[in-house]
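Some structures to go through are shown next.
Presented sequentially are two complexes of subunit A, the first with subunit B as partner and the second with subunit C.
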Partner chain A sequence: MMLLAQAAEAGAGNTAEVLLFWVFAVLALGSALALITMRNIVHAALMLVLNFLSIAGLYLTLESAFLSIIQVLVYAGAIMVLFLFVIMLLGVDNDDLLTSEPTARVLAVAGGALLAGALLFAFVGPATSPASVCGPDAPAAAPDQFDCRGLAEAYGEDDPSGVAFVGRTMFTRYTYAFELSALLLTVATIGAVILARRQDLAPEDEDEVDGVPGAPADGDDAAALARAGLPATERAEGGEHHAEVGDPEPEDHEPSGSPDDHERRG
Partner chain B sequence: MQIDFIAILPEIILTVTALLVLAADLALRGDAKQFVNPLAGLGTVAAIIATVALWGSERVTFGTMYVVDDFAVLFKLLFLGTLLAILAISWRYIAEHRFFQGEYYFLLLTSFIGMLLMPSSRDLIMLFIALETVSVPAFVMVGMRKRDLYSSESALKFFLLGVLAAALMLFGMSMVYGFAGTTDLVGIAAAISGETASVPLLLGSVMLVLVGFGFKISAVPFHFWAPDTYSGAPMPVAAMLAVASKAAGFAGLVVVAFIAFEPVADVWGPMLGVLAVLTMTVGNLIALQQRDLIRLLAYSSVAQAGYILIPFGLARTGPGAAVVNAAAIEAVVFYLIAYAVMNVGAFAVAIAVERRTGLRSIADYAGLSGRSPLLAMGMTVFLLSLGGAPLTVGLWAKFAILEAIAVDITLFGIVLAGFLVVNSVIAFFYYLKVVRTVWMDEAPAGLPQLQPGFNLSAVVVVLMVGTLVLGVLPGLVTDFSSVISIVAAG
Partner chain C sequence: MEQPLWVPVLQAVVVFAYYLLITAVLIWAERRVVARMQSRLGPNRVGPFGILQTLVDGAKMFFKEDITPGMVNKVIYNLAPLVGVIAGFLVVAVIPIGGEVTLFGETFTLVVADLSIGVLWILALSSIHVYSVFLAGWASNSPYPLLGGIRSSAQMISYEIAQGLAVASVVIYAGSLRVSDIVAAQSGPGFIDGVPAWYAIPLFPAFLVFVIGMVAEAGRPPFDLAEAEGELVGGFNTEYSGMRFGMFMLAEFMSVVTMSAIVVPLFLGGPAGPTFGLPDSVAWVMPILWFFLKMVGFIFFFILLRGAMPRYRYDKLMNLGWKVLIPVALVWTLVTATFVLIEEAGGLPAGTRLGLAVAAAVILLVLLFGGRASAPDTRSVAKAPDITAGRTPALDEPGSADLQATDHQEVAP
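The block that comes next holds the complex of A and B.
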C-alpha cells in the first residue's frame, strides 16, 4: 500500500489523487475484511461489490481509465449481479449462515496477520529501494530488455485512457491466451451443464443417467458376484481419509446411497 | 504481427476435433454415441502427424510467448501418445457406464490442449492459462459419475484444492510480475539475475509459483487430493490425472524453473530436492499399506513424482550450471516418458479387471494369471517396471536420474541418490505384493470371465512391448541432446 501511495505521489504530485487513493484503498481493504467476516452471504456479496468498485477507483488513480470502467461493467456489474441472482434463487436460510470453529478463526487471523506482515516487510524493504527493478532510481531502458516505462509513456500521446494500448497488447502478443480463455469458458459452461443437469433429459437419453447407479448398467455380473458370496463392490476407497500418515484400513463405505437422494439435493 | 499457424497446428487440430466431437454427440443417438471415440482418435492421430512435422525446427510466435522447439515437440508427442492410449482404454468403459460421452471426450481433448501448450509457453500468463486448461476439464471429468457420492466428493476435493493452488500461484505470479516488470520468462530471468536475486519477497513469490505446479504433480505437502480423486474418478480419468496431467505439471515446472527462475536456482533447487525426498518417502510408506489397487497406484504415482523431482534438486546457477541443468532436464524428460508407458499400462489392466465387476481391491487380483494370462503378464511387467526392475524401462529411468546426479557429484546429490535407492527397495515390496497375489493366490470361485476387449488388450500389449523394448534398448529415446536447448535461455 505504501508502494502504491508512493506511486501516486510520484505520478502526479497531486493532492486530490493522493486523497482519492487513500479513500479507495481504505474502502477496498475494509470491504474485503467485511466480506470474509460477514455471516450473511448476501451481505458478503454486497461487500464484494463495494470491493470491486473501490478497486476500480484505484485503477482510476493509476491512470487506467479503461480498465477501471471495465472493472465496473464486468465485475461489479455483470458478474456480481449473477452471483446475487444465484444466491437469491437458491434462497438464504438462517441455517446457511456461515459459522466457523473459534480455534479455526483464531488460527486464520494469526496466519493472515503473519502473511500480511511478511509481505509488508518484504515489500517496504526492497521494492521501494533503488534495488527494485523498476524503482524510482531505475535506469531509463536497457536496449534489449523490458523498459521501466510508466503507463502514460506506454499509452502514448494519442491514447490517454489506454484503450488502444490494451487492444494492441491483447490482439498481438496475448492473442493465443485470449482465444484460449474462450475455450476455457466453453469448458466451464459445459461442465456446469453436466454437473447441474437433473432429470430434464430428452426421453431417449433418460436411461443415460438413470441406468447408472455407479456400478455397471447391466447388473448380471454384479448379481453373479453377489451369488458367489463376494462383496458386490469392495470399494476400499476410504473417501474421507485425509491420507495423513497412511490409511492402513480403508473403510468400506456404504454404497453411495440411493441415487435420488443425491439428485434431489440442491 | 504474423501468427505462425504451423507452430500451433496440433492445438488447432485438437480444438477442431473437440468441437466436432461435441457436435457429433448432438447428432448421434443411443448406442451410436460411442463412435465419437474413434472420431477423437482420428483427430489425435492428425495432431500427432502435425507435431512430428515440427520436429527439428524452432518456431517462435506471438511475440516471444510461444516457442515450439524439440523440447516442446517431445512433450507434445508424449501427451498425444498418452491421449491415444487413454482414448483406447476409455471406449468401452465410458460406453458401458453411459456417462455423458460427447462431453467426456470434449473435456478430455480440451484438457490435452492445455497440456500441449505447457512446454511451449514462455510467458507466465500463457503458463497459467495452459495450467487452467488442463485442470478445469479435469475437475468436471472427475465428477462425472454423478450418481456416485464418491465421485462427487473426490471432484469437490480436487476442485477446492486445485483452486487454492491456482490462487496461490497467481498471487506469486503477480508479485513476480511486480518485481520483474514483465511476464516473459526470459525477461524475468534477466530482471532477477544479479544482486536482486536474494530478495525475500522475490524468493517467496517464486515459491508460491512453484506451489501451483507442486499441486499439479502431487508433490508431498500438496498431494492430499490425489488418492481420493483417483479412486473416485472414472478410471480412465484417473489414468489421465496420474500420467498426462502430472507430466504437464512437470513440463510447466521445467519451463518456469529452468528459464524464468534459473538465476535463483540455488534457492529452489535444494528446496525441490527436499520436496523430492519427502514426496517419495511419504508416497511409498503410505502405498505400503493400501489394499485398494487404485489407491496403491495413486500413492505410487506420488512416490514417482518424488523421483522425477530429484533432478530439480540438482539445479544450480552460475558458471558450469548449464551442464548440470541440461542433464537434470534430460533425466526428467526420460523418466516422464518411461513413467507414461508403464503407468498407463498399469491403469489399463486395472480398468480391464474393474470393468463390469467393480472389483478393485488387491485381493480381487488373486489368480489373475489363471483368468487372463495377458493381463497378468501386463500387470507384472508394468509393476516391475514402476519398481525399476532390470529388463524394463523403469530401471533405465532411475539410472538416468543417477546419471544426472553423477554429472557433478555433491553431498546433496549423494543424499538424494541414497533416498532414491532406499525408496526403490521399499516400492518393490508393495509392487511385488501385487504381483504375488496375481500369480500365487487362488482365484475365488464364481468370478465372471474377463473380457478386456480389443482396444484394451491392444493398449496393454503395445505398452508392455514398449516397456520391454525400451528396457533393452533405452537408447531409442535417451538420445535427444537437442531437447535441452532451453537451458541456454536461462
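The block that comes next holds the complex of A and C.
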C-alpha cells in the first residue's frame, strides 16, 4: 500500500486523480482478497469481475482509455463470461461451497506472500526508486534502452486514448509476442475441442450397432459414423432433410449437459 | 472546456430522457403494430390510441407485490436486473440524437459523451449486459431460468463476436473509434454520384451481419430463445416479479432502441440528410429528424420481425451465428482492411475496381445460389446419421428425444 501511495503521489496530477486512484486501488485489492476468501464460487467469480473493472478504472486514471475499455471488453466481458458460463454448465448450486484443507490454506498464504514479496522486490521497488531506469538518478545508458516517457507523451496529441499507439506497438515492436500468443490461444482452443469431443464420443461408441467397429475418437469419425449410419439414412432423409442435422454439437452438448443438471439439483 | 457546467448536464438529461421516452412509446407501438398484424386492436383504452398504456403498466409493475422466492441467491438475484438496466442506460451515453444545436448562445452537441473509444464502449456494455441475463438465470436457482439464462447468454456471446467483427470493418474503414468521426467519414461523396457514402453500401455484408446480430443481441423474435414460452416458461426472468421483472423488460426494450440508434451512426451516416434549403433557424431540426427517422425505421423493422417470423430453433440459431455470420464478418473485415491498404497505397484504377466488384458479385451469387442445390444432399447423407444412427431410441436421453420430436414437428407443415 505504501508503494502504491508513493506511485500515486509521484504521478499525481490533481486531487481528483488521487481520489480515483485510491477508490480503485482499494476496490481492486479488496475484491482480490474477497475473490480468494469467498466460499461461493459464483460470488468469487463476480469478485474477479469487480477486480477487473477496478483495474480498468486504474487504467483510466492513467489516461489510457483504450486499455481501460479493452480490459472491460476482454476480461470482464468475454473471459469472465465464459468462466461463469462453465461454472453454470457444471451445475453449481447456491449451497455448493468451496472447502479447503487447512494445510493447503497455510501453503497458499505462504506461497502468495512469497510471490507478492518477490514481485514487489523485483519490479515495484526498483521502478519507484529514484535510481530506476526512468527515475531522476537513472544511469546514463538507460533512457536509450527504455521508453521513459509518460503515457500521455507517448500517445501524442492526435491519439489521446492510445488506440493508434497500442496498435502500432503491438504490430511492430511486439509482433512476435503477439503472433505467438495468438498461436498459443488457437492451439489451446483446438486442444479443448479435441478433448471435449473424445469424451463425448466414447459413450456413443458403446451404443453403436453390432458389426461396426468403434469409431476412432477423432479424425475420421465422420466417415465411421456415416458407415454406421447407412441403414438409418432413409430415416434421416425422410424426416429431417431440411434441418441442419449435420452438426453434432448442439445435439450432444446441450441436452446431455442439462438433464444431468436437473438430476443433481432435484 | 469553456462551457458552463449546466450545458453538459442538460445534454445528458435530454439525451437520456429522449431514449427513455422512445422506449416507452416503442412498447406501446409494438403492441399496436403486432395487434394490427394479427387483426386485433391492441391497447386502446388509456389516452389517445392507448398511448399511455406503457405508463399505466409501469405503475402497475411498481405497485405489484415483489416476490422473492425462498430458494434464490438474494444478492445476485437483486443485482441481476440492476446490471441489465444500468448497462442499457450507459450505452446511450455515446449515441448521438442529432447534430449540434445552438440555443441560448450555447452550442449543444446532442450526445452525452463523444468518447474517443465510443464504439468499444458500446461493445463493452453489451457484453456487460450478458451478466444480467445469466446471473438472473443462475441466482433464481430453478431449472427453467437456468436453462434460459444459459441459452441466452450463449446466444449473446456468439452474436457479440459477429457484431464485433462487423463493427471492426467499420472502424477500419473510418479509421477511428469515435462515433462522431465515423459519422464524419460517411459525409463525403459516395462511390456513385448521388448515392450517399453511408457504410451500409460499401460494407453491406458487415451491415447485414450487424443487423442480424443486433436482433439476436437484443433477444428479440425470431431469436428470443431465452423466452421460448413453450419450452422454458419465461426464460431467465421466470422467477422475477414486480418491478424487478419490469427492469428486465425495460432493459430488453431499451436495447431495441439503443441497437436501432447504434446502427444509424455506424452504417447510415448518422444525422446526415438533406435540409431542403431551409433557413438556418429551422434547419437545425433536420439532423435530429433524420436521425429519428432512420432509428424509427429500425425499430419498426424489429417490430415487424416480431410479428412476422416464427422462432428459430436453438441449434439453427447457433449454426447461423458461428457458421454463417462470423465467417462472413471475418472475411469482410479482411477485405475491408485490404481495400483500405490499397487505397493508402494509391488506389486502383476505376476499371480494375469495377472488374473486382463484378467478380465479387459473381462469386457471391455462385456461393448464394450455386451451392444450395448440391450441399444439403451430400450433407444429409454423410452427416445425418450423427443423430439417428448409433443411438437406439431406448437409450436416448430425454433431451435429445425432445429435440427429435421438435424436428419432426417442424418438418410437418
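Everything that follows uses one rule, which is that the second predicted complex is superposed on the first by the 144 of 266 C-alpha atoms of A that agree within 3 Å, B and C clash if a C-alpha of one lies under 4 Å from a C-alpha of the other, contacts with A are read in each partner's own complex, and residues count from 1 in each chain.
FYI, a contact is a pair of C-beta atoms (placed from the backbone, for glycine too) under 8 Å apart; a residue touches a chain by one contact, two chains touch by 3 or more.
Since this is a predicted model, take the numbers as computed values, not measurements.
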First (subunit B), second (subunit C), both or neither touched by A:Ala116:
neither
Considering only touches as defined above, state whether A:Ile36 meets subunit B (first), subunit C (second), both or neither.
neither
Taking the superposition as given, does A:Val86 touch the first partner, subunit B, the second, subunit C, both, or neither?
neither
Once the shared chain is lined up, is A:Ile69 touching subunit B (first), subunit C (second), both, or neither of them?
second
Applying the document's definition of touch, where does A:Met170 land relative to subunit B and subunit C: first, second, both, or neither?
neither
Of the two partner chains, subunit B (first) and subunit C (second), which one does A:Ala154 touch, if any: first, second, both, or neither?
neither
From the superposed pair, tell me which subunit A residues show up as contacts to subunit B and also as contacts to subunit C.
204, 207-209, 222, 225, 228-230, 232-233, 235-237, 239, 241-243, 245-250, 256, 259, 262
Residue positions on subunit C within touch of subunit A in the complex are 71-73, 75-76, 115-117, 120-121, 123-124, 127-128, 130-131, 134-135, 137-139, 141, 143, 146-147, 149-150, 153-154, 157, 177, 313-316, 318-319, 323, 376, 379-392, 395, 397-400, 402-403, 407-408, 410-411
Contacting residues of subunit A [partner subunit B, same complex]
118-119, 121-123, 125-127, 131-134, 145-146, 148, 172-177, 180-181, 183-184, 186-188, 190-191, 194-195, 204, 207-209, 211-218, 221-222, 224-225, 227-230, 232-239, 241-243, 245-250, 253, 256-257, 259, 262-263
Please output the residues of subunit A touching subunit C within their complex, sorted ascending.
40, 42-43, 46, 49, 65-66, 69-70, 72-73, 76-78, 81-82, 84-85, 88-89, 93-94, 160-161, 163, 204, 207-209, 222, 225-226, 228-233, 235-237, 239-251, 254-256, 258-259, 261-262, 265-266
Note: in the complex, subunit B contacts subunit A through residues 1, 3, 8, 15, 22, 29-30, 62-63, 65-66, 96-100, 103, 106-107, 110, 113, 117, 123, 125-126, 129-130, 132-133, 136-137, 139-140, 143-154, 178-182, 184, 187, 190-192, 195-196, 199-202, 204, 223-224, 227-228, 231-232, 285-286, 288-292, 294-295, 299, 355-361, 363-364, 444-448
